[in-house]
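Below you'll find a set of structures to go through.
Paired with chain B in one complex and with chain C in the other, chain A is shared by the two complexes that follow.
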Partner chain A sequence: MSIFLTIINRKFKNIAGTRYERILRNYKEFFLTEEELSLPVIKSILMPVDRSTRNVPEEIYEVLSACEDAEVTVVYIMSEDACALIRQTLGEEASREFRQKEEEAGRELLERIARSLEDSGLKVRTRMFFGNKSEDVIRLSRERDLLVIPRLYGSEITKTRSISPVVMKIVHHVDIPVIVY
Partner chain B sequence: MKILVLVDGSKWSQKAALHAIALARKNKSKVILFSVLDRKEAKAIAFSMTMRSDKLEEMERFEEQVWREMKKSVKEIMADMLNFCHRQGVNCSIKITEGNTKEKILSEANSGEYSLVVMGAYGKSGKTRIGSLLEDVVGLIKPPTMIVR
Partner chain C sequence: MDQASIAIAIFLFTYALIMSERIHRAVAALLGASLLLMLKIVPWENVPDYLDLDTLLLLTGMMIIVNTAKKSGLFEYIAIKTAKMARGNPIRVLLLFSFVTALVSSFLDNVTTVLLLTPMLLYVTRLMELDPVPFLLAEIFASNIGGTATLIGDPPNIMIGSAAGLTFNDFLMNMAPIALVDLLLAFVFIYLFYRGELKVSSEKEEKLGSILNRMDEKGAIKDLRLFEKSVAVIMLVVVLFFVHDRLNIEPAVVAMFGASVLLVWSKESPEEVFEKIEWPALFFFGGLFIVVGGLVQTGVIEGIAEKLVDYVHTDAQALLLITWFSAFSSAIVDNIPLTATMIPLIKAMGAFFNNSPLWWALSLGACLGGNGTAIGASANVVVIGIAERERIKISFMDFLKVGMIIMVLTVGAGAAILWIRYMGV
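Let's turn to the complex of A and B:
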């Protein structure tokens, strides 16, 4: 019967009379309350990128340019697990080489995206570190208003799905709006 | 820029619309409020309700009644949202269609007209789990897709 809920919401005060407060409390996850009926303001944006991010579509810059005065943190997280695996299987030298190549790729990507974001009038910060892509994005999202993530984030090797399992995990666990591109 | 908002009448789709309106106000975009009416939903409600009340003979009549209410309800919700958009100074229009929800959404979202698709993370059953529709469509929508909580 959930289809009727929005109608009840609108006609609520007349139907429920003095029981308004109690019903509102019990059914709050179905109602958009008057307090919630305000336009959201986005001040802080998290934008994780990795090797799957060849190009950020023009539409993303256009959308983000609407978030006036927002600060975008572009973050390049390199997989600590991949690095450890290479060290265990191929040795220290191969691991060092992997780290170096990852850092070079990350720096180049961060600089390119930061330039385009600044051209759209946004304040930009960049970060690069070794960690766990899903866990760290979820953690960093807690202090942000919006997450903007490529749909193949975390799956630069296998591209068999239209959206990566890492992105689906992140979408399930963050509490802020997410733009998937 | 044109923004497509998927509206299913839930609190989450209304929140999605608020985000679309906020973005559209800033960069003068057009907002399209889009809703799909699926007859199967009316059938499911009619079946579930009549099974519980042992009034199977009234199932079809009840289905018709639910279907009428669904159509009326969507029109009312969309009209309310349209008014809200206009009060915020946002260029907005509504589009209501009938058929399979997933197919209609994908066909509209991937028509090449839109720069952004905005949808709620949860469905009409509330914040129990990520909406199954979202899991079905989000990877198949070509434009960037905003998922709102």
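Let's turn to the complex of A and C:
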């Protein structure tokens, strides 16, 4: 260390003592962390919904409305496995009826959510297809910046857990930020 | 060896110890004082004459007010608010932080001001991804210039005010206009010197503005009631400083009154508040007063004043001599011992010259001379020390290149204003 720095450090210790460290500790509460400092750029959002989604909370629309120019894909995935199971156990007719009811419920839900999102100033795309709820959401999220998912997505009717196992699996397998509501 | 030679030797020995910082400056001053008392060069019964109680009590009162107000989060609030107002624009950051530093420094001690504002300034410059050095230097200069403006802004002014019986308004009338001109000069110089480094893209500026806006200044207030009471008492004290001469009360009494009102009103634990008083600084002052008292007691100061008269013949020459001598000396040695030494000298010069402008010359030189070198003032040391802790390099020469120009510019402008005011054009 140079003589200059030695003198400065000695003088600093004599003048300020430990006051700077104490002040710095106070400030740390207000300085934004590295994570908070980086504002993520969100251009595309995946929003899977299903029968467990009765209402999307207003707060979600408020948060998403901050992502200007983002496109939200609202997707309704009907369970391929459930349809196959009905076909095998109750027959083709029951399976068609299930499919029809699912499609009707899905269409109605997608339209309602799309309207609210458009009212919040977002571009919206809707999709509905048969597939695997967890695998397809994980696959679709690879091309998106944010996943917004209801906590009971893909849960059984009895809803024994506060977060469904399907959501837990999805959260563990995606690399993008997730909002669980 | 006669008493005068011993007093000079002890004085020089104390100065050398203070400059070396081998031992704490308060201990060095106390050692010098006790040696003089032990050798009976300063008789015990004369100690009250040399111990400037006005200065010591004014400093104590202000320390109590600042330490109590600090607990409320008042200063963090000011720093966050300043950062938000700057909105990520480098020129605005430079201007606003300089102005706020100067303003706060004119009422509170410079060390506390820079200790509280520097972390926020560094944070903002880091966000802007700009070299923090120009901003830190501007803060140092602003703090030293701001301290020049008022009676309570810088310890030399407190000492001068007490010794010469000058009021708060006297300082406002004489030194505040100089400080204002000097602040503007320093800002323009820093801007011109570093203008290439004070740029960020408009996109980045907008992003920074939104990041800074996410900081909540109200969250900095730890105790809203204490915050409100602190602001009220500080305002009361400032108002009382403005009228203390009309009420015929000493500035020290105003500070002690403010401190006691705040302690009673806030119900803060006195033990805790008194513990935080900077006792080393007070002992440093006390020790120095006695060490310099040794020179007065033995007639050394009077002898120097008489010798000076052989070379200095007019008030104007005396004004220039005191200004530039104290400025260059203050750039090298601490301005507190320098002022303590110069005060009895100017008093003695009063027998030969009109010493009224000389007090302002001393204030100008002692306060602004500190801008000259990295070790010239406590604010410089504190900011450079913080920079060093944050791995920002400001070398002695880096500082000297800018500091000397600022010192010559500001002291020169101040001397010119004093000249016009007291000597005519």
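Quick notes on this structure:
By definition in this document, the second predicted complex is superposed on the first by the 142 of 181 C-alpha atoms of A that agree within 3 Å, B and C clash if a C-alpha of one lies under 4 Å from a C-alpha of the other, contacts with A are read in each partner's own complex, and residues count from 1 in each chain.
Here, a residue touches a chain if its C-beta (ideal position, glycine included) is under 8 Å from a C-beta of that chain, and two chains touch if they have at least 3 such contacts.
Values in this document were obtained by computation on a predicted structure and should not be read as measured data.
Legend: residue contacts after superposition of the two complexes on their common chain; A:R151 is shown touching chain B, with no touch to chain C. When both complexes are overlaid on chain A, the residue A:Y61 reaches neither chain B nor chain C. Residue contacts after overlaying the shared chain place A:P177 against chain B, while chain C stays out of touching range. Shared-chain residue A:L32: touches chain B and chain C both. Comparing chain B with chain C, more residues of chain A are touched by B. When the shared chain is aligned, chain B comes close enough to touch A:I163, but chain C does not.
Once the two complexes are overlaid on the shared chain, A:F130 sits clear of chain B and of chain C alike. In the superposition on chain A, A:L24 makes contact with chain C only, while chain B stays out of contact range.
Residues 2, 4-5, 7, 10, 29-32, 36-37, 39 of chain A lie at the contact with chain B in one complex and at the contact with chain C in the other.
Contact residues of chain A toward chain B in the complex are 1-7, 10, 29-32, 36-42, 57, 59-60, 62-63, 65-68, 151, 161-163, 168, 171-172, 175-181. If you check the complex, the residues on chain A that touch chain C are 2, 4-5, 7-12, 14-16, 19-20, 23-24, 26-27, 29-32, 36-37, 39. Chain contact summary for the complex, chain B toward chain A: residues 1, 9-11, 14-15, 18-19, 21-27, 29, 41, 45, 49, 66, 69-70, 73, 76-77, 80, 88, 115-116, 121, 124-127, 130, 135, 138-140, 143-149. Residue ranges of chain C in contact with chain A, taken from their complex: 21-22, 24-25, 73, 76, 80, 111, 115-116, 119-120, 123, 127, 207, 210-211, 214-216, 219-220, 280, 374-375, 378, 381-382, 384-386, 388-389, 395-396.
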